[in-house]
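In the two assemblies presented below, chain A is common to both, partnered first by chain B and then by chain C.
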Partner chain A sequence: MTLLEFVEGPFFYFSAAVFIVAALWRLVGIIRIGRKKDIAPARGSAVTGFFKGNLRHFFPRGLFAQRTWMHLLGGYGFHLGLFALLLFAAPHIAFAERLFGIELWPAMPRWAFIIAAEISFAGLIVLWVRRFSDPVMRLISDWDDHVGSWLTFLVMLSGCLALQEAHDSLRILHMGLVNIWLIYFPFSRLMHSFTFFLSRGATGAVYGRKGMNP
Partner chain B sequence: MTEAATTAVNTLLAQTDSDIASYLEACVHCGECAEACHFYQATKDPKHTPTYKLQPLVKAYKRHKAPLRGVLSILGLTPPEVTEDELREWEPLVYDSCTMCGRCTLVCPMGIDIAGTIRKMREGYAAAGIVPEGLTRARENVERTSSPMGVTAKALLAQVKRQKAETGLEIPVDQDGVDYLAIFSSHEIMASPEIIGGYAKIFKKAGVTWTLSTAAYEATNVGVQIGFGPLARDLVKRIVDEAERLGVKYVIAPECGHAYGAIRWAGPNLIGRPFKFEVIHIVELLDKLRREGKIPPGKKDSRKMTLHDPCQLIRRGGVLKEPRRLLSDSASNFVEMKGAGIANLCCGGGGGVSANERAEELRLKAFEQKLKQIDDIGDIETIVIPCANCRGVFEDGLDEYESDYEVIGLGELVAETLRED
Partner chain C sequence: MKNFRRFIRTAVLLTGVLMLSGLLLADAAQAQSSVRPPGQAAPLEEDSGPSNALGGASDADIWRQIRGAEDMGGPDLPAAPGRNVPLYEDLMRELQGGIAGGTSSTAANSRLIQMLGEDWRHIRRDYILPYAGWVLAGVLGLLVVFRLIRGKIRIEAGRSGKYIPRFSMAHRIAHWYLAASFIIMAITGLIILLGRPLLAPYIGKDATAIMASASLQGHNLFGPVFILALLIMIFRFMKGNFFQWADLKWILKGGGLLGGHASSNHYNFGEKTWYWIVVIVGLIMSATGMLLLFPWVTDVLAWHQISTVLHAGGAILLIAIALGHAYVGSIGMEGSIDSMLRGEVDENWAKEHHDLWYEEVTGKKVDHKTGAIAQANPEAAE
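== the complex of A and B ==
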C-alpha cells in the first residue's frame, strides 16, 4: 500500500469515522442534557420560532452591519468560498464519486475555483488577523480558535497546491491534513458548523413562544 | 475549591440545560456582541464584551458537563477548576455591566441568548453569596416588606388616599369578585403615584372592575434580578396566592419591564404550575381597551415626544406594537428615534444595575449613549417611558447630564388624553 493509498484509504476511513461518531456524540450529548418544559402560556409557536430563529440569524441586522462590516465580509466570504470549494471542486467530486460509487453533480470550472479560493482565503485571513489585531478579539480568542483557523487554512492551501493532482506528495499532504482536520473537528469550536442550528433554534423557540422573533 | 466556589459551580451546572449548553458550544468568539453592548460602546473596554462575561460558566461547563470532556481531559485540554477568586473577579461583569437587555442576541450570528445565560449565571453567584451590596440590601428590604425600596402596605394606602383626593375617584383595595388585580413597582408607588389615579380614571371610563391589594402590591422581583431562585419564587407566589384568593381573572403587570417578564414568562415556571388567571401588561390592556372602543382618545398631546423601548417589555417581552398604537392615538407629534423598537438601546439600569450603587459610574456612561440617541432626533420635549425602572434611570441620567427632557409614563399619557364625557 502506498502512502497515498493509505491517506485516502484506511486513514481517511478512520478520520471520517471519528468525525461522524464524535460529532454525533457531542450533538446528542447537548440535546440529552434536556430542559424543563416552559409552562408559561404561549403567545406563539416555539417550533415556528425555532426555524425562524435559524433563518433570521443568517442575515445581519442593518443597524449593526455598519459597525461590523469587516467581520461580515470576512465571515460570508470565507464560508461561501469554502462551501463552493468543498462541494464543487472537481477533485472533491471525483473523490466522492469513487467513495460512494455514484455519479454526482458537475464540477465548477477552473476560473470559478480560483475565484472561490481567493474569496475564501481572503475571508479566513481577515477573520484570523482580527483575532490578534482587535482588542476584543484578542481577549476572547483562545488556542482552539487559532488551531482551527490554521488547520483550515493549511487544508485549503494544500488543496490548492494539489489541484492539478500532478504530484502524489501534494495529494498526500492535502489528504493527510484533511484527515487531521476531520479528527480535530468534533472536539473543537469547528463544531459550530452544527451547533449553530441548536443555539439559534433555542433562542428562536423562546422568542417564538412570546409571539415575536428578533 | 472553597465552599463558595463549590456552591457556585454546582448551581451553575444545575442551571445549564440543553439551551444554555447549545449557546456555550456554539460561540465562535467573533466579538460581534461587543458592538451591540452599551457598556462596551460606552467604555471601549474589551472586558465588557458580552461573551467574555460568561467565562466562569464556560469553564465550569467544559470541565464538568460538556460532551466529550472525558477525551479532552485525558489530553489535558479541559480548563482548570473555577476558583472563588475568579468568580469574584467576574462578579462586576455579571452584575454591573449587564442589564440583561438582550441586544447582543440580535447581532450574534449564532443567536446566543447571552442575557438569559447571565440570568442563569447569577443563580450560581447568588447561591454562593457573591452578590453586590446594593442588591443584597434590596433583598433584605424585600424580605422585610416585600418591596426593594421598603415600601409598606401603609405607605401604599397613604398614596391611594392622596390619589383618591386628587382624582375624586374610588380606588378599590382588597376587593374580591373583580376582574383585575393591579400591581405596581416601588418606584411607581413612591415616585409617580399619579399612575394609580390614572388607572382609576381609565378603568372607570372602560367600565373595568379592579382592585389593589395590601397583601400583593409589589411587582418588582428582586429574586429575578439577583438570580436568587427561591426568593423569585416566593415573590411570584405572593402575587399568585392573593390573585387566586381574590378570584380575579387577570393580574395587570405594571409599567416595569423586568416585573412583566418575572410574572408573565418566568412566573409559572418558578412556582411550577400554570396560574388560574392571566397576566396582562398594562400597555397590552390599554391597547385592548382602546381597540374595543372602551377608552376613546380625546385631544392629542401636542408636545414633541419620543418613545424609549424598555428592553424586557419590547425586545424580550414581545410588546412592540401596542405602545406605538397608543402613542399615535395620544400624541400629535410622536417621533421615533434611530434604531427604535427591537434594537433600541437600553437605558443602562435594567437587571438590577440601577439598585447597585457600585455600578453608578458605568451606568451613567451607558446612559450617555441613550441620551445621544434622543439628542440626535432634535427638539424633543418629552420622552415616554413605559417602565418605572427606566424612568428612574432616565431621571438620574438627565440630572447628571443637565438635560431638561420631561419623562412620563405611557399609562399617565393615556389617562391625560382620554376623551372627556
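== the complex of A and C ==
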C-alpha cells in the first residue's frame, strides 16, 4: 500500500468515521439538554420564531451593518467560497464519485474554481486578522479558534498548491491535512458549522414564543 | 499581548509540525516515484515521439552546444555529431545582421532567434539569480549588525501606560491583509526564482520540482489577492503619506539615527518612502505579474522578458525593505507593534517618534529637541 493509498483509504475512512460519530454525538447531546418548561402563556409561535431567528441573523441590523461590514464581507466571502470549493471543485467531485461509486453533479469550470478560491482566501485572511486585531475578538479568542483557522487555511492552501495534479506528494499533503481537519472538527469550534442553527433557533424560539421579533 | 504571544508560539509550532510532516510525506511519496503528467494531459504511449532522431542529444543539449555551454560554465555535454563547438559568437554576429528564417512561432515574428531573448537570458542568469539571494542575505546581515550595535530601540521615558489611538480597525485589516498575502507571494516567488540554484543542491531536483510546482500554483492563486490587498492599502493609507516640510528636517537629522530627536507627523519620512515604494513597485509588480499570468495579452516577447526582469527585481526590492520594516515594526523598536496589533500606542512612544502628530491629536506641546512634554506649560502637560 502506497502512502497515497493509505491517506485516501484507511486513514481517510478513520477520520471520516471520527468526524461523523463525534459530530452526531455532540449534536444529539446538545438537543438532549432540552430546556426548562416555560409556564407563561404563549403569545406567539416558538417554531416560527426558530426559523425567523435563523433567517433574520443572516443579515445584520442597520446599526450593526455599518460597524461590521468588513466582517460581514469576509464572513460571507470565506464561507460561500469554501462551500463552492468543497462541493463543486472537479477533484473533490472525482474523489467523491470514486468513493461512493455513483455519478454526482457536474464540476465548476477552472476559472470559477480560481475565483471561489480567491474570494475564500481573502475572506479567511480578513476574519483571522480581525480576530487578533479587534480588542474584543482578541479577548474572547483562544487557541482553539486560531488552530481551527490555521487548519482550515492549510487545508485550503495545500489543495490549491496541488492544483496542477502533477505530484502525488502534494495530494498526500492535502489529504493528510484534510484527515487531521476532520478529526479535529467535532471537538472544536469548527462545529459552529452545524450548531449555529441550533443557537440561533433557540434564541428565536424564546423570542417567538413571547411574540417578539428575534 | 500574553495571549497573542502564546498564540504566535502555538501557530509557529503547529506550522512547523505540519511542514515537517508535509516534507516527510513528500519525501516518502517521492520514493514511490510519484511524478506524473498533469491531470488534464493526454496520455502518451511509451514509444511515442521521434525515435531517437537526435541521437544521444536533446534539443536543449544542441542549443547549449550552439551557445558554447562549456565556455559559459554549463555542463560538460556529449558532442552532437556534425556540429562545431563553439560557434555561438559567429552565429550571433550573423543573426545580429537580421537574417530572417522560417519559424512556426507567431510570437517570434519569423525571426530565427530573438536577440533580446539572449540579453534577457544573460540578465536573468548572470545578475538576477546570483545577486537576488545575496541582496536578501545582505539585508538580513545588516539587520543583525544594526541590532548588535544599536540594540533594541527603547522608549527612553519608559511606557506611560496611557494609550492614544493611532490606526483604526480598517487600517489594521488593510495592513495585515497585505502583509499576509505578501508573505505568501514572497515565499512562493523566492522558491520559483531561486529554488533551482539554492534548494536543488541540498534537497534534490525532484523535491525542488515538487516545491516549484506547488509554489507556482500558490503564487498564481494569491496574485490577485495581493493586488486587491494592495489597492485597499493604497487608498486606506494615502492620507498623511504626502511629503511635508517636517520630513526635510527628519532627513537632515538622519531620522534620529545620527543622534538628537527627529520630529515627524503621523508618518515619518521613512514610512512615507516605504509607502510610496509599495505603491509604485507594487503596482509594477501587479501589472507585470498579470502579464505573466495571462501571456496571451500580447505576442511581443520583449514585454514578457521585461516583465520577468521587473517582476524579479521589484520582488527582491520589496522583500529586502519589508524585512527592515518588519524588524523595526516588531522586535526592533519597543512599542511600535502596538499600533498595528492594538491600534493604539503608548503616549511616550508617540512623543518620541511622532511628536508633531502627538501635538495634533492631544493638543499638548512637546519639546522637539527631546520628545518630552514641554515644561513651559505644565497645565498642558497634564
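Operating definition for what follows: the second predicted complex is superposed on the first by the 213 of 214 C-alpha atoms of A that agree within 3 Å, B and C clash if a C-alpha of one lies under 4 Å from a C-alpha of the other, contacts with A are read in each partner's own complex, and residues count from 1 in each chain.
One rule holds in what follows: a contact is a pair of C-beta atoms (placed from the backbone, for glycine too) under 8 Å apart; a residue touches a chain by one contact, two chains touch by 3 or more.
This structure is a prediction, so every number in the text was calculated from the model and none was measured.
Participant: Identify the partner contact of A:V21: answer first if only chain B is touched, second if only chain C is, both if each is, neither if none is.
Facilitator: neither
Participant: Would you mind checking which one, chain B or chain C, touches more residues on chain A?
Facilitator: In the superposed model, B touches more residues of chain A.
Participant: Would you sort A:A122 into first (chain B), second (chain C), both or neither based on which partner it touches?
Facilitator: In the superposition, A:A122 contacts chain C only.
Participant: Per the contact definition in the header, classify A:V147: touching chain B only (first), chain C only (second), both, or neither.
Facilitator: Touch partner of A:V147: chain C, not chain B.
Participant: Please work out whether A:L104 is in contact with chain B alone, chain C alone, both, or neither, and reply first, second, both or neither.
Facilitator: In the superposition, A:L104 touches no partner, neither chain B nor chain C.
Participant: When the two structures are overlaid on chain A, which partner does A:R138 contact: first (chain B), second (chain C), both, or neither?
Facilitator: A:R138: touches chain B and chain C.
Participant: Thinking of the overlay built on chain A, is A:G204 touched by chain B (first), by chain C (second), by both, or by neither?
Facilitator: In the superposition, A:G204 touches chain B alone.
Participant: Return the residues of chain A at which the contacts from chain B and from chain C coincide.
Facilitator: 130, 134-135, 138-139, 141-142
Participant: Quick check: in the complex, which residue numbers of chain A touch chain B?
Facilitator: Per the touch definition, chain A meets chain B at residues 22, 25-26, 28-36, 38-41, 43, 53-54, 56-57, 60-61, 63-64, 67-68, 71, 75, 130-131, 134-142, 145, 186-187, 189, 191-192, 195-196, 198-204, 206-207, 210-212, 214.
Participant: In the complex of these two chains, what residues of chain A are touching chain C?
Facilitator: 2-4, 7, 70, 91, 114, 117-118, 121-122, 125-126, 128-130, 132-135, 138-139, 141-143, 146-147, 150, 154, 157-158, 160-170, 172-173, 176-177
Participant: Quick one: in the complex, what on chain C touches chain A?
Facilitator: Contacts found on chain C: 3-4, 6-7, 10-11, 14-15, 18, 21-22, 25-30, 32, 34-40, 169-170, 172-173, 176-177, 180-181, 209-210, 213-218, 221-222, 224-225, 228-229, 340-343.
Participant: Across the complex, what residues on chain B touch chain A?
Facilitator: Going by the criterion above, the answer is residues 16-19, 21-23, 25-32, 34-36, 40, 46-47, 49, 51-52, 65-68, 71-72, 77, 102, 105-113, 116, 264-269, 272-274, 278, 315-318, 320, 339, 342-343.
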